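Quick heads-up: structures coming right below.
Next, two complexes with subunit A in common: one pairs it with subunit B, the other with subunit C.
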Partner chain A sequence: MSEAATAKVFKPAPPVDRITVKVDGQVVVVPKLSPDWQGKLVPTTMIQACEAAGVTIPHYCYHPQLPVAGNCRMCLVEFGTPALGPDRKPVTNPDGSAVINKSPRPAIACATPVSPGMEIYANTPGVKAMRQGVLEFLLINHPLDCPICDQAGECKLQEYSVEYGQSATRFVEAKVHKPKAVDLGPRIMLDDERCILCTRCIRFTRDFVGDDALGIVNRGSYNTIATYPGHKFDNNYTLNTVDLCPVGALTSKDFRFEMRVWFLRETKSVCPSCGTGCNLLIGSRENRIYRYTPRDNPAVNGPWMCDAGRLDYKWIARDDRLKDARGSRPEVRTWRDVLAELAGRLRPATAGSVAIVASARLTNEELYLIRKLAQRLGAATDTIPHLGDGDRLLVNADKNPNTAGARLLGISAKPAGANLNDFAAGIRDGLIKTLIVFREDVTRFGLGADLLGRLDTLVASNVLPNETTKLAHFVLPGCAPAEKRGSFTNIHGRVQRITKAVEPPGDARPEWEFLGELLELITDRRAPATIEGLFNQMAGEVPAFHGLRWAALGDSGVTMPLEPGK
Partner chain B sequence: MIVKRQPLNWAERLYLPAVWNGFKITFRHLLRRKVTMQYPEERWVVPEGYRGAPYLVRDQDGNTKCVSCQLCEFVCPPKAIKITPPGPEGVPADRLNAEKMPREFEINMLRCIFCGFCQEVCPEEAIFLMRDWSHVGSNRAEMIYNKEKLLTLGGMHQDKIQKWKHKLEEAKAQDMFPVKQ
Partner chain C sequence: MTFAVPANLEAEIDELVSHYPQKRSASLMVLHALQDHFGYLTPAAMEWTAAKLGLQPINVLELVTFYPMFRQQPVGRFHLKICRTLSCALGGSHELHRQLCAKLGLDAHAHGAQTTKDGRFTVEFVECLASCGTAPVMMVNDDFYEGVTPQKADEIIGKYTS
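Let's turn to the complex of A and B:
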């Protein structure tokens, strides 16, 4: 990196005004201004100062990535400010400490700015009594149907009830009943009885998504969340409101009544559905994936992700998954035999007689092994672009998760897909005798069945069957991203790790494993047997990944310059 | 040490006193209350509160009480319980406003240790340890009781509270039927 670029990146930050406050007697220094949900600098609030001091204030409506509403009143705290004498100077005690005037009223921590010398009392008996009172009011009309509620186990109402709740209700009147199982939109089901009216969902869809779809109708105890009559709550981000909802009012139709959340094992991974690469958690139990939920990464997706990416997991459990490795003859069935036969065919291949259609759905490590294979065989490579609809927020038009990785590793042509016509011509002229296809159906991209029939050897590696795998002489069953480890490079050059959550079906194996073995059979040089070793080797060899280590990627990834050398 | 065997005296050599003593004991026991149970023709009647096999129950209106909350599955120490929740497309529950009912509920009686945690944790009073203590099956699959079998064996439980019925009545009184029909 040049000196100019270094200076640009490490520009000294402007001096920050800082305020010293006390939280439960603990001195904490916070900046006078903090970024709000849009990144605009606004006065730091008491809830942020408490968070900095390690004291978590219970809250429902406050969310750091949303505008402040201040309506749930759960974050009420007591506080005091330094007393000022007639000379407008702080009055001091005999021991030199400032005299604090305790505020006669509590204040909501989420919307009250801190001032110099302020003391916040977050755990006094009075504060606890207020939380108990607020919670009791919130529970007055709550149906308490936790046994049938999908939120149970990750419900703020349950959590705070343990801390501040009463063991029995004092409310003897009939509860107000509201509509249950209201169909809000194609992916969202609303239970109005459970709603505590924190308006997080309203603010999210109005201010973040820009789709003013939700609102509160009726008055008093009959307040309900609703859409405009006849309209549906349907945008690319509706399912985020299910995560946002602190109670079980908004539920996902897809996950509804599927599994209790405490059974789900959460695996940190990255969404493979588009070039954005949102960080997510894979919720799985007994080798079945139940849901994807977003994982907070301010550098990529914040705490959100799109609905399409979230629901793009069902194909992993399909029954017609490719499960068996297949060679050219029926008796060649085991991985060892298939790879040995394939290596025997590839080893004598002359330069230019092999073409590889890789996929930008493969991980960096797999593409790196394909690059090594292509270099050894003198093969031309390319990937197929998959474009769809994008939006201004998180959905990218590029539906491949690793387009940048394929480009940086030199697998894609410029532009991606440009070599496909050459491949078709090469096959037609008999120059290309072997075609290796990964995760694509080339019959839909100009290499029809008639052309594929002219090949001596067609190798197809995929997860699901398609026309290409049907025609292939060799079938190498691969893994979905949730079934293997590796890394993706998103469109902005951020290299992020994916983690295995479930086992692949049958004999299917991660592509990097069998590619490494195939490469060893052809070159007699062993590829690293672990994903860590493979990544570190790639970082050493490929200039675009220089300076990266697997361990340094961490859970949130590292951004690399997309144009190496600049 | 060697214990020397004492020679029998005249009375002992006659054997008749010993025979008489033996008859005395036999007759005494003949007149006592019989304690041996002729299993399997006779079965032990277990006392009230005995913790036998866990079964599912229906309420007095014939509704399946279990709402598939899976707390018993979670708490079960030997992992004998396996519940398949209904999912979004599942059959509607017997009581419409309870919304949920298990699609399948299996208890592996070979695994069950009759600890009673499932009964204790159940928020719906839907599973009870009953008085059945003898389970027979000719293979392992037979010892995994499914929902139908558990409900048949469990029978009816008189529900004093009937929470869901109450809720429904309360909602109807407010002219707001809470469930989509």
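Let's turn to the complex of A and C:
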């Protein structure tokens, strides 16, 4: 109690947590401290204040998710601070405004903290001249090979050249030549002549990934990004350096010379390769996917994604994709006939005679429809876990993108896969007569061909052929996540949308579409015709989804408490 | 590859390292010690240094390629380092370099350090040797020569060839 009294007497000045500055004459109030790349609070910098004022400062080396290096000098601005009189009080003009002492030299906006009353001048002739100067130096030894550069169209050198570049070069000396097409590692090719030495790649690799693999060798205009001779640049995140590199120096071996980026249509979606669900952009053209790039979502992946997820799109364009719906007889091959025949077989099935091996690679909406189907048929369900390597950053050991969704919807056994033995026994004993398999090859998980041969009806839905689809009486060709809409629930309970970027091949269709139709044929009740309607119905019906609405998911998703009531 | 640091050198290096609050701060001193002993820095020496200081070899390679005083090739028995920074350049260091190259049968226009066929002399430009008032200056191994006139240069070479 007496402490409180003392505190009253010696009440410290309230902490100054906001600072008012002017950017090009515009007043902005910014927090005194802002999170750095690791989230630690450090003094707010000029570049952040300018951002808050809506003034973008050109920059190369600065990246909000990396330690500040301050080496490129592109972000130089002019500034002034309030003049102080001998009494350390601000001197004022006759009109009451503060007298500003303009600094005789510029400062780098990325590394200079703001102070109260500071005025930042981001667009003066002097600042423009500095930007021009920096750019001119950066281009001196640059090969200017934009026509064949993969970065063209999304290159900061090009962008700033439009604003601050000059149409003619004043450089008459010989350019320094550096190594080209340097094979840095299994996925990365480096053109050292295009490098502007911003060190973003070094900082990301060393400080974020924790793999001190890259460095700058030699000195002055011979500075060169390199690995130690014989060492490969190979970690789970190397391809992020391609995104980070503001120029075309670091390129993806996979995407190199494949497509001009301005032809790519970008579709916002989510990576289906593990339980993390990194947000990404699908770059496609004319129904073909050319690349995945990460899409910034601070709640999930920040601006990064792993290399494996990024390259996990090739199978979508495989020639042997399942393209035709197939019923038990050759003449049954339109979707309408196949589903009608299948519904005819399922409708009279007795409870316990049908088992469903679903997949945590399917969307929430699809699993919801499977749940309804299972409820109607009195069928037991399960999913098969797929575990691999995880790391301490983004890669999750769970290689299914929707394990949480399958659990919340009651599709997976506890633990997932625990029912498979019962399924095998049920088939062996003749109790289970119909098995419906989604996206799995159950022959690899204890339900071998001999067992499957005992079934009256084997239904397989998949995107690629496997032993199970070969043995199936009914084949229902489905879609890659990039070919349909829906949502996944990641390992932390975040529900995120996936979006269609390309058309599926042949007659393949989104699973939720044909599942809805099958359900209607069996129950005479129509399922919602849109993903929106389906999601909203699911979230209203399944308590674990807390009445979420599709619209609320937005582009970056919503995290639900995974254990309601706890 | 056999790269062995003699026990007494390693003890000396460990002692050097102990002077620094962070091991990596001793990098330059360790490299100098190795170069003094072996004459130049091989990949094995750099890897040894990295392991000793808890670094990656790339960190060491950065230093070795940045600082001109570190070399990755052997030099001649007598290493002539001619300053070419401003004061010495004005004071005639390029003439001095040309004269020495001509005398030793080396190409004055070639880039970087050059060594005579007999492995006796290496001639190289270096940056400021911190005696700008007595330009041009040069060093031969650890000996320092100031105000090196053409005549003085001949004498110096004579001293090492005799």
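Going forward, the second predicted complex is superposed on the first by the 550 of 566 C-alpha atoms of A that agree within 3 Å, B and C clash if a C-alpha of one lies under 4 Å from a C-alpha of the other, contacts with A are read in each partner's own complex, and residues count from 1 in each chain.
Convention: a contact is a pair of C-beta atoms (placed from the backbone, for glycine too) under 8 Å apart; a residue touches a chain by one contact, two chains touch by 3 or more.
These numbers were taken from a predicted model, which means no experiment stands behind them.
Q: What does the overlay on subunit A give for subunit B and subunit C, a clash or a fit?
A: Aligned on subunit A, subunit C fits beside subunit B.
Q: I want to verify one number. Taking the Cα centroids, what angle sits at subunit A between subunit B and subunit C, in steps of 10 degrees?
A: Once the structures are overlaid on A, subunit A sees subunit B and subunit C at 80 degrees.
Q: Going by the touch definition up top, name the partner, subunit B or subunit C, that contacts more of subunit A.
A: B
Q: Between subunit B and subunit C, whom does A:22 touch in the aligned arrangement: first, second, both, or neither?
A: Neither: A:22 stays clear of subunit B and subunit C.
Q: Using the touch definition from the top, say if A:218 reaches subunit B (first), subunit C (second), both or neither.
A: The second partner, subunit C, only.
Q: Return first, second, both or neither, reflecting whether A:227 touches subunit B, subunit C, both chains, or no partner chain.
A: second
Q: Can you work out, in whole Å, how close the C-alpha atoms of subunit B and subunit C get once everything is superposed?
A: So the smallest C-alpha to C-alpha spacing between these two chains is 10 Å.
Q: Could you list, by residue number, the parts of subunit B that touch subunit A in their complex?
A: Residues in contact with subunit A: 67-71, 73-74, 85-88, 90, 97-100, 123-124, 167, 170-171, 173-174, 176, 178-180.
Q: Please give the residue numbers of subunit A that touch subunit B in the complex, ascending.
A: 143, 146-148, 152, 174-181, 183, 193, 253-260, 262-263
Q: Subunit C touches which residues of subunit A in the complex?
A: 212-219, 226-229, 231
Q: Enumerate the contact residues on subunit C facing subunit A in the complex.
A: Contacts found on subunit C: 43, 55-59, 61-62, 65-66, 68.
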